[in-house]
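Listed below are the structures to be examined.
Each of the two complexes below includes chain A, the first together with chain B, the second together with chain C.
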Partner chain A sequence: MLGSLRDGVGFDMLLIGASMLFLIALAGLPLIYNVMMSFQEVDMFTLGSLFRPFVGLENYREVLAEPIFWPVMINTLVFVVGSMAGQFVLGFSLAIFFAQKFPYSGTIRGLFLVSWVMPGLVVGAIWGWILAGDFGVLNVILRGIGVIDTNLFWKSDPALSLWAVIIANIWLGLAFNMLLLSVGLAAIPGDLYEAAELDGANAFQRFWTITLPMMRPTIGAVLALGLIGTLQQFDLFPALTEGGPANSSNVAQYLSWQYSFQLYDFAKGATVSVMMFVLVLFASIVYVRSTRHEVRG
Partner chain B sequence: MTNKTLTSTVALALGLAGTAAFAQDPVTLTVWSIDGDDRPGISDTFSAEFNEQHDDIQIDYRIVAFDELVNETLRAYATGNAPDIVSFDNPDFALFSSRGAMLDITEMVENSDIINAENYYEGPMNSVMWDGKIYGIPKYTDTIGVFYNKDMFEAAGIEEPPQTWAQFEDYAERLTDPENNVYGATFSARAGEEGTFQFLPLIQMSGGSYEDVVTDGAVEALEMMKRMIDNGWASQDVLSLGQWDSTGTFNSGNAAMAISGPWEIDRMVEDAEFDWGVTLLPVFEEGDERSSALGGFNLGIMSTTEHPEEAFQVLEYYASQDDRMFPEFGNIPARSDIELPESGIALKDEALAVFQEQLQYAQPRGPHPDWQQISKAIYDGMQSALTGQMEPRAALEQAQASIDNIVE
Partner chain C sequence: MTSPSLKWLMLVAALALAAIYLFPLYWMYVTSLKSSSEIFANPPTFIPRNTDLSIFPEVWQRRTMSTYLWNSLVIAFGVTTLTVIFGTGAAYVLSRYRNVWIDLGLFFILMLQVLPASVMVTPLYVGFNVVGLLDYPRLAVILAAAAKAMPFFVVLVRATFMTVPRELEEAALMDGNSRWGAFFFVVLPLARNGTLVCAILTFMQAFGEYIYSKSIIQTPALQPASVGLSGFLGPNSTDWNSIMAYAAIYVTPILATFVILQRRIVAGLTSGALK
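Presenting the complex of A and B:
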């Protein structure tokens, strides 16, 4: 066994063991702590201790009984679906556009990455100005091209506030989607297209029968990462709407933060995040199962 | 640290090392506050001076960002690394004092020659009290009033600043000028502490309190604010703008009246290219009891400190410098025994006189250990009424139900 440490089973075990330890320490323990906290009564001054009164499902019962719970869940769903759809469709379109060969396509595509390296809070502040009701750039443009005749209050109108965050989030995640999808596109052998063209397939048919099927694993990965990234998106909320007005743009991740760090109800904050974790876990299982099939095929 | 070593080295070199104080290490006290981030502030300046004057006590001063102050202190307290002295926004103070995290300094204050509890305005003093005991001292204070654009008032033929809320609404309507992007009034009704800060006074002046928010006046006020937003006399963005941004539109001439506080004065003197004035917050009926919001910070010693006596000496030093606070830093001391010197800028001095009068009506938020939850119930209620999701009375009743759960 010891001899195989340098080369063989022992070495493999060592590598796996090290990464497992790392994973347990950095991701596992906080997760367990979080789950534990959701079953306890946590006073802000018992935050440092591990053992606190056990309350069973009381925290879950209370969170579910909050009048804003279901509206917030619906907002979360709209936010996730809206953001992901926008990021994916626009990202895919841009990836295909820049896959065409024209001068400086690579350079221009590179410029899109600016949004990716910007911190969410900065993006939030910039979009805050763009989306401002009275003096915002977006309203000026929309009025200029005649789409609207009175200003839209993106951040303060309960019907629009969630969309204000979604728009900013689509912009923020666009480059990441485009980048991953571009890599996927580049990996499709060019002769497939040539053969299809010789057989008389038009552009739409080539996209439908070659691009999409060949991109399936990439699309799966992009969507899975998109879901996780969207559920993690937090910075834009405090920067743009603070979940308001009247919770119309509040989502689960922001609610969890509000419970923990605005209301100092750490147990409820943990409870909401455990609920979100279950959701992500479910999505991951679906993703893993769908790609496993892909690998076999 | 280097400063400290330097001081003792110099002292030694001068041959003054004979006293006992030098035989042992000086006591080091940690002080946390938000001052000194972008420009010299109160706590960092006074701490540095204190260090120069003392060899036996040294202050280790740390700037903590406003948004992180409470969280950071909670975490530090939970892990046993709490600072000796910390300064909190006044509604956050009870969170700590009610749980025994702040040191009871009632006796120290009674025996002090420098700090006299009676010199402080009642509101700020209440915010450091819990259960009849003193847990800290007010650091500085502020409140809100109505700024108004005198040029616009004159052009519209309005002579007096608004005295009642009905007048406020009427003026707002008359001063609104959509052609020139001018709103009649601006305020902050955002989903956060600032929203509560501006709305709670209306509840209070109609006979309510944070424990009792359903009053006829509060319903009337919400209806009025909603009318103003719906009719375009105030921007819909008041629902998401903080006070500083909201008053920015007043400074640029895009709003005729603005509800905000003395922290705006310096910027307004610089930015506003018109004649302006300040008046007290209006009331519902002339002769009604006045009320206003109380802002400002407090200072307290944390109960985990190992050097309570020395920490109190530091508080005494801070308090002894209170008369420099306004001229040097522009903050209003929370004390009635300090005359604020004239700045020589007429607009500023007039505005200040109004805010000092307004301070007499300012009431602290709380004190209550769960203030943040109460505050959320209030601004959530306000926002659901202003966005039309609920009728004002129903929205306030829902807020009341949440508050009853918290206060019990």
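Presenting the complex of A and C:
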């Protein structure tokens, strides 16, 4: 036994076992506990006990009956689709631009990644100032180039508040999209393009018949990661709009937190987060499938 | 294929794109240097007229930033230590074998990587309450955030271990090393750079951690800088030069680290993120 720990598979089992135990204790068990809580009655009196009265689907019925539930779900959908579309289209365009051969392309491309290492709350604070209604610099720029006539109140106008968060989130996630897509672009053999060029294919045809098909696995992974990433985005909401005004910029992940930590309704918080988990599970199955052959490689 | 002048044109275009993209950072620094009256000038000045540095010591004092930043450091250090200790071993084992169990382990790790913190924060809070960990809120945050950071670390470091030739390890074993010896004195030194970059990335992410700290730590003296910043943010905030000065003090170390290590960070991410 001890000898195996020193020289054989026991060593591997020790290394992987310790980390797996840690992850099961702090991620696996809480996840199961979360599902359990969504079927229980949780209040301040029963908060400290492990087992509480079982209420069946009562929490789910209550959450679904909330007047804000469906508007928030639609916001979540708009937030996810809007953020992903912006991050992907801009990220892909930049990835193609930086795939061209010119001096310092790699270094300049790398600079874009600073957004990714910034604390989300700081990004939210900066965009909160840029998007401010009266003195925000974005309104000044948009007026200067003639796009708008009057100031837009990005954070306090219910029609725009969700877009304020989406804009900030696109800025935050664009660079990571670009980086992953750049990896995919770099893996396409250059002679394919040369052959197509000799055959007289123009740039658009080359993109359509070579780039897109060759990039399909990468695009699948990037889109799945984008979906997961936007569902993980939390910090921008408290920093920018706090879900308001009147929940016009609230999304599932923030609503779940509000239930638990502002209204102290932990059962509802757990219920919403179980619903979110089902969504994330779907996205991650897509992701795992799209990267499976690379994982084995 | 491309003519020399076109290349330089593209370089100029690339610099312009980067300038547009990084404008928010510039705006943070410029705002923090402006006086409070100049901030609300219309039209705004893109280069501050008379820079005023007094806001930095003032915000540092008034918002007790030394306490907040110290707590951020404690949390980031704790998260990184736990992640490196547990994650490196897992990444190594997951890179050395190919069988059903390894596939299952990887699947488990990938699943944990996609869990939003907002899904985990409610059960963790209630669970920590049951076992009494809420009395040590910073430790509770460290444990929670380490579990969140570890999957990504494992995926990236595993890619690093894949580049270490197995033959070197086998040779070390032939020479009479134990598995411990081969791991610590042969494999780990060869994977040192990649592991270090991932550790620094973990540190930078944990330095900005917000949701667990906000939910778990109630005592202001134990809260990190992100929670301290949220204290004077909100839909109706107007104190913008203080907020930007706070933000600038908070992120400048992160930005400096990033700029110094930029090449390595990008290389580490590109080799690992999709594999």
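Everything below uses one rule, namely that the second predicted complex is superposed on the first by the 256 of 297 C-alpha atoms of A that agree within 3 Å, B and C clash if a C-alpha of one lies under 4 Å from a C-alpha of the other, contacts with A are read in each partner's own complex, and residues count from 1 in each chain.
By definition in this document, a residue touches a chain if its C-beta (ideal position, glycine included) is under 8 Å from a C-beta of that chain, and two chains touch if they have at least 3 such contacts.
Everything numeric here is computed off the predicted structure, so don't read it as measured data.
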Practice task
After aligning the two structures on chain A, examine chain B and chain C and state clash or fit.
Solution key: clash
Practice task
Name the chain, either chain B or chain C, that contacts more residues of chain A.
Solution key: C
Exercise for the section: Pick one for A:261: touches chain B only (first), chain C only (second), both, or neither. Expected result: both
Exercise for the section: State whether A:45 touches chain B only (first), chain C only (second), both chains, or neither. Expected result: first
Exercise for the section: Return first, second, both or neither, reflecting whether A:242 touches chain B, chain C, both chains, or no partner chain. Expected result: both
Practice task
Could you say whether A:220 touches chain B, chain C, both of them, or neither, answering first, second, both or neither?
Solution key: neither
Practice task
Please indicate which partner A:156 is in contact with in the superposed arrangement: first for chain B, second for chain C, both, or neither.
Solution key: both
Practice task
Please work out whether A:287 is in contact with chain B alone, chain C alone, both, or neither, and reply first, second, both or neither.
Solution key: second
Practice task
Going by the overlay, flag which of 7-15, 61-69 or 295-303 in chain B ends up clashing with chain C.
Solution key: 61-69
Fill in the blank from the handout: On chain A, the footprints of chain B and chain C overlap at residues 47-48, 132, 134, 155-156, 241-242, 244-245, 261
Completion exercise
Within the complex, chain A is touched by chain C residues 1-2, 7-8, 10-11, 13-15, 17-18, 21-22, 24-25, 27-28, 31, 39-40, 42-44, 82, 86-87, 89-90, 92-94, 96-98, 103, 105-112, 114-127, 129-130, 143-144, 146-148, 150-151, 154, 178-180, 183, 201, 204-205, 207-211, 214-215, 226, 229-230, 233-235, 237, 240, 243-244, 247, 250-251, 254-255, 258-259, 262-263, 265-266, 269-270, 273-275
Problem - Residues on chain A engaged by chain C in the complex (per definition of touch) - result: 6-8, 11-12, 14-16, 18-20, 22-23, 26-31, 33-34, 37, 42, 47-50, 94, 97-98, 100-115, 117-130, 132, 134-135, 137, 140, 144, 155-156, 171, 174-175, 179-180, 182-184, 218, 221, 228, 231-232, 234-235, 238-242, 244-245, 253-254, 256-257, 260-261, 266, 269-270, 273-274, 276-277, 280-281, 283-284, 287-288, 291, 294-297
Handout entry: Interface residues, chain B side, partner chain A - complex
Key = 70-71, 74-75, 77-80, 95, 99, 101, 181, 190-192, 235-240, 249, 254, 372-373, 376, 380, 383-384, 386-387, 389, 398
Practice task
In the complex, go through chain A and note every residue touching chain B.
Solution key: 44-48, 67-68, 132-134, 153, 155-158, 161, 241-248, 258, 261-265
